[in-house]
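Pasting the structures here.
Same chain, two partners: subunit A is paired with subunit B first, then with subunit C.
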Partner chain A sequence: MKRILYIFILSLFIGLLLPWSVNAQDEQLVVIGNAVSVPSEIDMNLLKSVFKGEKLRWNDGSIVNIALMKTSTPIGSYTSNKIYNMTGNELNKYFLALVFQGKVKAPTFFNSVNELEAYVAQTPGAIGVLQKVNDTLLKIILVDGKKQI
Partner chain B sequence: MVNICKNLVLLISLVVWLGFNNQIFAQNTKIRGFIEANTSLQEDGLSFGFGEQVLFITSEINDNISFLGETVFKYVGDSINEFNVSIERIVIKYNYKGNHSVLFGKHHTPINYWNDSYNHGRVFFPTIGRPILFEAHIIPIHTTGIALQGQNLGKLKFGYNLMIGNGLASGDIKDNDKYKSITAALHIKPLDKLQLGLSYYNDVISEGTEVHNRHLVAEENITQQLLTGTVAYFGSKYEVLAEGTFATSKADALGRANAFISYLYAGVKIKEKWVPYFRIDNLSYQDDEFYFNNDNTTSFVTGLRYEINYLAVVKLEYQHSDRDILGHTNKLIAQIAIGF
Partner chain C sequence: MVLSVQSKILLTVLSIVLMFALFILFYYPARQERYLLENYNTEIENYANTVALGVKIALTEENFEGVEMALNFVRDDSRLQFVSIILTDSVWNNDHTDYAIEKSVFKTYPENIEVDPYAESNDNFINKSTPFLTPMMNGEIMLSFSTSEIKKGRTQIRIASAVASFVVFVIGLFIGYLLARRISVPVLALRDAANKVGEGDLTQSVKNKSRDEIGELGVAFNKMVRDLSSARKEIDQRRKELMNEKRKSDELLLNILPSETAEELKRTGKAKAKHYDSVTVLFTDFKDFTAISEKMSANELVNELHHCFSMFDNIIRKYNIEKIKTIGDSYMCVAGLPVKNTTHPFDAVNAALEIIDCIITYNKEREAIGASGFDVRIGIHTGPVVAGIVGVNKFAYDIWGSTVNTASRLENASEANKVNISESLYNIIKDKYDCSLRGKIDVKGLGEIPMYFLNGIKKLTKKLN
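Let's look at the complex of A and B:
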């Protein structure tokens, strides 16, 4: 009986830990871009600068359109932390302040991955971040030579 | 009948043309607002009130042209219906290349960080009120004119604003004299969340004109120059904002008067949402000051800010001011500021 109880508790413990380990492995981001204007490869510093709204236009002159998952979603929250080094709340405040100052065009925030992918696919100059890409035709941007960051 | 048909054809052609012109329908308009409610306790008792209600509109007309409008509705005791509507900003921006733009309209003069970054958006204010230099009418808050703007250029993220405008004592639709104001503001961001800035403002105020809503009067032609330095750091833990303005007023008969106006704000984020802070303001005028109200002032503010989220902020603050003319004041204020 003790042995069964021990196995049960051990299974429960492993079962509880497993999702955490899977999540940790899953916490990689993929940067996607529209086929027009967005470069195929970018370095991390420039990527952060683009996502912070510091670069208004791509090198060919077309406008930068930033696509993000809402900060209330797990991907959006993780993106805020990894790309911006901010909480979701800080990120929202950051962009609201810049829009208030008239300095940048606000990013477009999405509730679902499919909406974000469709926006990036259809909008020239659009760049977005996801955890994994469903649409295999979308252009994946290499960051420092890697597909995932 | 023929004319009606011609007009109809023209109208249909226009609609079809607009329908095929994506540039026209790329417009993206957003309307936001800001407001705050206050409670204050002073020597004369407890009061409740609300401040300005700000209507904030932005619109992306196409990839190059955008619009920003900021209109304030506020209580003004001496107006007919006790409320005024004022247009604070109307900015049409043309982004002509990269991070370079030309801006037309009525702007917040980019003369210091506070005026350029916050002005009427109290949800962004680090303290309840503006620094005292605003109520002392030291800086020209608005300029109607044209500006060249650049931002985040190069490794130091250099930015510039070069503005020519109607200047002090002018209205929003016409200059009151032949003199134009000139503003040149430069800044760099050498580190993440750190901004260092320097600005210069020059204008001539014509004799007899009333400036800053009739608070100041020029007894003769006065040349005014303002030189401002800024250090702003808003990190994830510490916040520092320090600005100093050296103001010089020159007139043929009255001579020259200098004033030095400064403030220092500092805050520490002790948890994600809690920020205790303080601010010290100082206004120092020469004895023979002839333009500004010669009311040397030292003020100390300390408070606690609780950020419910990015659209709602509560602050509790104690203010002590020591002024040469107006004397001492003590005030306890609570405020909730929201954006919507």
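Let's look at the complex of A and C:
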């Protein structure tokens, strides 16, 4: 009986720790883009420049539409940290300042991955960041030749 | 100063129009400017509220669409001076017993403007702030708009008000003039017509173009004038009739009274007896009248007397001799009264001669038809008399005195178709008339007095022979 209880408690502990271990392993980001206008491969510097609103148009002239998961989500928070090197609040303040001065079009934040994928798929010039891509038809942008960053 | 009706109406209308024009000129612009300012403030507040709400949604929901849209509206507004996000922080004192709110500018659009987070509105700018609270940031949205548009709008309102005021005044003036004219013209026409009616012109009438009270007044005036005209015609007719009656009564009065005595009687209600120093009294009488009258009917007799006395009347009127009365077949008249003159002896003798001629001619006419004639006896005497009216009924002008008796006695002592005159008369006319001394003849009550037959005017002596 004690053995069974021990195994149960151990299993419960392992079960609780498993998501963290999975997140930690999956903290790789995939950049997706609309099939139109968004280039298939860019370097990290350009990627950061695009996501910070420093590059407003693609080479074909279409507007850059940034799609991000909300910073309240883990992936959103991670993305903020990874790409912007900011906390979620700092990111919001950052874009508020830019938007206030009319310098950029603010990113569109989503609660779910599916919404973000659908937005990127349907919006010309849209580029977004995800953990993994569900929609296999979506265009994955290679960053410095890699699918994940 | 007396104002005409037209002036009063015009002044009244102008007063009302002036008040309205002043209202448009002053009160209306002030009110509109207040509304403009309120609307302007409300609009800026709405902008600030919208932006603040957008900021709050952006920071809490990570949805920037609202703030982007709001800011696009704000930035597109030409009146915008700046829009700022002001951060507010509570700064406690060292003892942590009190705190102060410190404001700092987070971001401003446009970037090149230095914003005082504590700035208030002034004549040139209107500043509006709307606070927002988020977990990550507290602050307020400050909008500053230029008041140049308000000033421009205010100027436009004042110009429009001045133009409207002027237009209202001119229109009011025009309407007032028309109204005053519409009322005063018929009133003045009525006044003029009334003045002419007052002067006696009853042909006046006024034209009535309206059916209001003034029109009714005109109708009443015209009716009044027509009634007055009818009344005056009736009065004139009555007056003519009255004058005719008066003329008849005057003629009747003059038939029985001398004109001067009649005038005195009409004027004073009585006529005083008057003494005349010298008049000439003439009596006629038909010889054997009683015997002749017995051969005639009463009517025939009266007709004959009327015919003869009418001839006498016509004769003595020519010589300005006053008929006194007839008594039976006697005819009495007097020359030299009631208006005194110096020709009365000559007037009387000329009349007597003409009466004799007239009777002789008339007798010939009667004899021609086989009728008997009348012989007339005439007696004339000149002397003083008293003339006047006695009694209160059936006025009769009469003369009194011995002269009357003497003339009567001379008539009695005369002969057929002869003129018997007294010595006093003879002495007056003897140079111009041919007379025959009859001697002294005794008459009743006077004794013997000298008498003369008047034969005629000396040149015409043959006529009576």
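Criterion: the second predicted complex is superposed on the first by the 129 of 149 C-alpha atoms of A that agree within 3 Å, B and C clash if a C-alpha of one lies under 4 Å from a C-alpha of the other, contacts with A are read in each partner's own complex, and residues count from 1 in each chain.
We adopt the following convention: a contact is a pair of C-beta atoms (placed from the backbone, for glycine too) under 8 Å apart; a residue touches a chain by one contact, two chains touch by 3 or more.
In this text the structure is predicted, and so the values were computed from the model without any measurement.
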item: Superposition on subunit A - do subunit B and subunit C clash or fit; value: clash
item: First, second, both or neither for A:M44, with subunit B first and subunit C second; value: neither
item: Which superposed partner A:K70 touches (first subunit B, second subunit C, both, neither); value: second
item: Partner chain(s) touched by A:M86 [first = subunit B, second = subunit C, both, neither]; value: first
item: First (subunit B), second (subunit C), both or neither touched by A:L56; value: first
item: First (subunit B), second (subunit C), both or neither touched by A:A35; value: neither
item: Which superposed partner A:F109 touches (first subunit B, second subunit C, both, neither); value: second
item: Residue contacts on subunit A - larger count, subunit B or subunit C; value: B
item: Clash-bearing segment of subunit B relative to subunit C, given 5-13, 41-49, 113-121 or 293-301; value: 113-121
item: Shared contact residues on subunit A - subunit B and subunit C; value: 89, 92-93, 96-97, 99-102, 105-106
item: Subunit C residues touching subunit A - in the complex, by the definition given at the top; value: 55, 58-59, 62-65, 67-68, 71, 75, 83, 85, 106-109, 111, 136-137
item: Of subunit A, residues touching subunit C in the complex; value: 70-72, 89, 92-93, 95-97, 99-102, 105-107, 109
item: Touching residues on subunit A, where the partner in the complex is subunit B; value: 49, 54-57, 61-63, 85-87, 89-90, 92-93, 96-97, 99-103, 105-106
item: Subunit A contact footprint on subunit B (complex, rising order); value: 30, 56, 58, 60, 63, 66, 68, 89, 91, 93, 95, 97-99, 103, 116-117, 121, 124, 151-152, 157, 192, 236, 272, 307, 309-311, 339
